[in-house]
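Each of the two complexes below includes subunit A, the first together with subunit B, the second together with subunit C.
Let's look at the complex of A and B:
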């Protein structure tokens, strides 16, 4: 059973890596030429192709690490809510956290590489906090209590360590439950989950400020932490659904029925609307008040850099709101694999683009492109899937001794 | 067939039968009003009298009767308005959102919570209408053409959005509540002995016969209304928050406001539901329907929403510093350390720290502790609105116009008066309407009960070895039956 999954995944990985690598080379070359021809006048730091590479590594890693941790969040929420229906997809969500450790390492490494030429974070520029330097920026200097290298790195390590530790802990408890049975592991998992969710509530917001918001160093929005969480969360649910469908179609999840898909579809539908709600609240309030220090963020994305990001700004709403909203509207659609596939793939691509739109204008200004970025994303996808499917193969796809396993198998909506 | 895990516990305790449910709920409606109810109603009517007196003073002498001044032109009234609207959130949340999340325990509390919602929204509506000064012109907020010229409702104003949001919310909540009441009214009608009761409940039950078609329509309408109310619940406090957040007042203009206000509203709403339910279950002897488990679950929701609000407080404070905008920074420093520090400290203690006691199992299963906690949260949420509203206004950009707000007796009278209005309505509801949804409780009566139809036997931890996956061929067609 397992071998098939792994072979499938490795096949996918090879294909993706091949395509990714090819595109990547082509893209890099293209970008290099463009830079060589002097197309972009004002950039500083690394050559554009390298800068694009570093930033797309950061972008894709933030996205995939977020989805990985959402797997654990999903499991934890289902524990504390005593949810019974979701047990048949629990192992899929658990497997997502296989990416957390490599993701954490990549995060640290890319951050370090980004420091060399200060490509990702403007606030890391030397002298920016020093009144005597010509780089001095009073607003950024005011933030130095939070945005300084040691504290930033410590925070990053702490967030990732917490996420990784609790993911492993929950996974271990679940595997032991498979072996030994009884409700003791379940009881313990509820406590572990509750503690994790409390810590995650704080760390996810702070991670969003650190990893994404501080790119646009001057800009601030209190909603931002929840905005990033909403994006990760809906992508995570879409990823769980998509994996469940692939596994079902390959014959590995005999107990997964259209009832479970229906519920996953409802969550995707609901949380796509939730994301839009958060998006709209943030946008509308900034647009309405029109304070320059806030609205600059949307100025850059709506018409800034010769309108480079304008289409993406609107496309973001279409693919992440209108499309899943319309596709998943009816009951039948939420129970049809083909409709769910369409919606999940749109959501996954859409939220990758959402992060693209959050990260690129502040770092690459008008110099971002798509070929390198998509290539990097596909390499990440391949690696992510390899680790995820490997973990998936390491345990029974059904947590056989979970107290709610019968409820989930007989679930009807 | 649905399966219920043995780890789940019954929602209704003490082996009640279908007949017991009818008896236990109808008893209060059919019996003569008891002395405790009369005493409570008398107190509520006294406060309602205070309300009418304060309203009379406000309307006859004008808004000058209130404690507002030219710097703090919006304080007590809007605080109370937001507080009441917030309380009005839990009812529809319980009926709609918990229905969508299949939380079956909601059946015992949804009726009373929905009633509370409706009465709380009525109380809330008093404040903007009274603040108009000339409430007989309240229809001007509706987008009606008027005969005085080009005056027209300002669609750019979040206050106008409030009118739409809250009136829609009120109408839908009322319909939802009433739809649920119809089958129960029919039950009471069929049992009624007195001629007035029989006629009155006959009218109220709208000719309900309990036929299969009736039930089918009832369920369809409930589901549609649940779907409609869910976005409505979120929209109401979102738009209330926009009354502040669309401005450029430091401390008000912050993007987290919409979801943070919604969480705060659910928080205060659940606190009020707990306050009311803890009294109702004892007075009406409904301990088997509103069990300790219900109380613990409501406590948990209160703690979660309280913590979300706590995260939002910290986020606001942090981002105010992080923004490096002088005015934002001052607004928050002033909140915490300025002349209203005590309001801020009360808010933080009541809303963020005290709900954390719920982590202790003994607290969340304790009736006295829960009752005290629910009152503390109600107070804390009032202070939250007061802090947000008054501290952001009282120190203007010009230090020469700095001022403090102190409520007048009329302000206080209107506020405690709305409490009188609220409890009058709630007591009348509790006496004449069934406080628990009998029809829905009957559907969950056997849930998880030992030897009930869904009981799976005790969990030995060693069962289920039959569920190893059997390895369906990769090309096996996947069946999805639309009708299951």
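Let's look at the complex of A and C:
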């Protein structure tokens, strides 16, 4: 069984890495030529292909690290809710956090690389806070209390450390429970989870400001923390569902029934609507008030840069709201693997595009493309799946001594 | 019209669920089961088909959405156009909250009213109850007694499957 999971993973990973690497090479080459031809085009920072590479690394890492931590959030929420139904997919959610440590390292490294030519964050430009400098920007200087390099790096390390620490702690308690049994580990896990959820509520929101919103430094939105969280969370649930379906079809989760899939489907359906609600709450207030400093954000995305992002803006709503909403509406659809697969894949791609739309217009302006970005995303996917499946294969897929394991196996909706 | 029912009174929900399986296996048609709270899995045990209420709900929702859009587009766009915040007369993003609320309102009320109508749960002075203890701590299985049905044999079957008592009751349906 364990070997099978690993083989499955290696097969998947090889396929993805192959495609990813090819795309990537082709994309980088293509971009080289483009950069050579259009070298006179005015832009500061790195050459365009390098800038695209750095930003797509940041983009994909924010997305995949978010999904990784959502696995732990899912486990923690089910602990504090005393939920029993989810135990059969608990190990999948736990395995997601395998990415947190590498993700954290990549995050710091890419941020560091981004500093060299200030590719990702405009506010890191030298002299931008200095009234005497020609780079001086009064608006950004006003935010220097929060957006300064030491504080930013400390915050980043703190968020990632908290997420990593609590993920490992919950995982360790769960594995010890497998060995020793008893309800003591469960009691302890509830306390750990409750503390984690409080800290995560704050850190996820602040991480969204730091990692995504501060790209558009002049702009701000009070909905943004929720917006990014909703995007991560629904992608995480979709990822859990998709992994559960693949494992079930490979024969590793005999105890997973359509009742569990039904509940996961309900969560996906509900949180797709929740994401849309948050998206719309942000959009409508800005659209209605029409204040220039706020609406510039949507100006860039709706018709800005010669309408480059306009199709994506509407496609984002179709793939992340209309499609899952209509596909998952009926009870039967939530219980059928083929419909769930369609919806999960749409949601996972859709939210990657959602982050694309959050990050690219503010960093690359009109220069973003898709080949490098998709190549980088596929390499991340391969690496992410390798680590996740390796961790998945290290423990029994059913937490045998969890107090609710029987309830979960006999779960009906 | 007056009908007669055999009522098996049960004390425990697990006993009841097994009794339902056995009684149905014996070829007896159960009229209905009354319980103080929803019993998990009882729908499947009784062989009740899934409700088609969600389909009704969908169309109630669609009606609400259409009504909300018509109301706003007609009043603000054609009947009495007003400029609000410099937006076009028909400004769809501003209509979405109202459309959403009316969709939910129509859907909920439509579902509740439909449910009451098809379950015949109208307000009335004399409420027909098989056995009042089914609102407290007993589970009541009702089996319709057709003409010439053998009450004694039925009673034996129910008792053998754990019924604490078996009664006979006449109900008048309007």
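Everything below uses one rule, namely that the second predicted complex is superposed on the first by the 411 of 413 C-alpha atoms of A that agree within 3 Å, B and C clash if a C-alpha of one lies under 4 Å from a C-alpha of the other, contacts with A are read in each partner's own complex, and residues count from 1 in each chain.
Rule of thumb we're sticking to: contacts are C-beta pairs under 8 Å (C-beta built on N, C-alpha and C of every residue); 3 or more make two chains touch, one makes a residue touch a chain.
The shown structure was predicted, so the numbers you read here are calculated from the model rather than taken from an experiment.
In this superposed model built on subunit A, subunit B and subunit C take up the same space, so to speak, and clash. Once chain A of one complex is fitted onto chain A of the other, the partner contacts of A:350 are absent, as it touches neither subunit B nor subunit C.
Contacts of A:288 after superposition: both subunit B and subunit C are touched. In the superposition on chain A, contact of A:220 is made with subunit B only, not with subunit C. Within the superposed three-chain model, A:330 lies in touch with subunit C and out of touch with subunit B [touch as defined at top]. Using the contact criterion defined above for the overlaid structures, shared-chain residue A:412 touches subunit B and also reaches subunit C.
Using the contact criterion defined above for the overlaid structures, shared-chain residue A:236 touches neither subunit B nor subunit C, since it reaches no partner. By the touch criterion stated above, A:103 is placed in contact with neither subunit B nor subunit C. When subunit B and subunit C are set side by side, the one touching more residues of subunit A is B.
Shared contact residues of subunit A with subunit B and subunit C: 284, 288, 412. Note for the complex: subunit C touches subunit A at residues 40-41, 50, 54, 58, 85-87, 93-94, 96-97.
For subunit B in complex with subunit A, the residues that touch the partner chain are 1-8, 100, 231, 234, 238, 242, 245-248, 253-259, 307-308, 311-312, 315-316, 319, 322-325, 456, 459-462, 464-465, 467-476, 478, 480-482, 484.
Contact residues on subunit A toward subunit B in their complex (touch as defined above): 1, 4, 82, 84, 138-139, 142-143, 146, 180-183, 186, 198, 201-202, 205, 209, 220-226, 248-255, 257-259, 261, 266, 273, 277-278, 281-282, 284-286, 288-289, 291, 293, 332, 335-337, 396-398, 400-401, 403-407, 409-412. The residues of subunit A lying in touch with subunit C in their complex are 280, 283-284, 287-288, 290, 329-331, 412.
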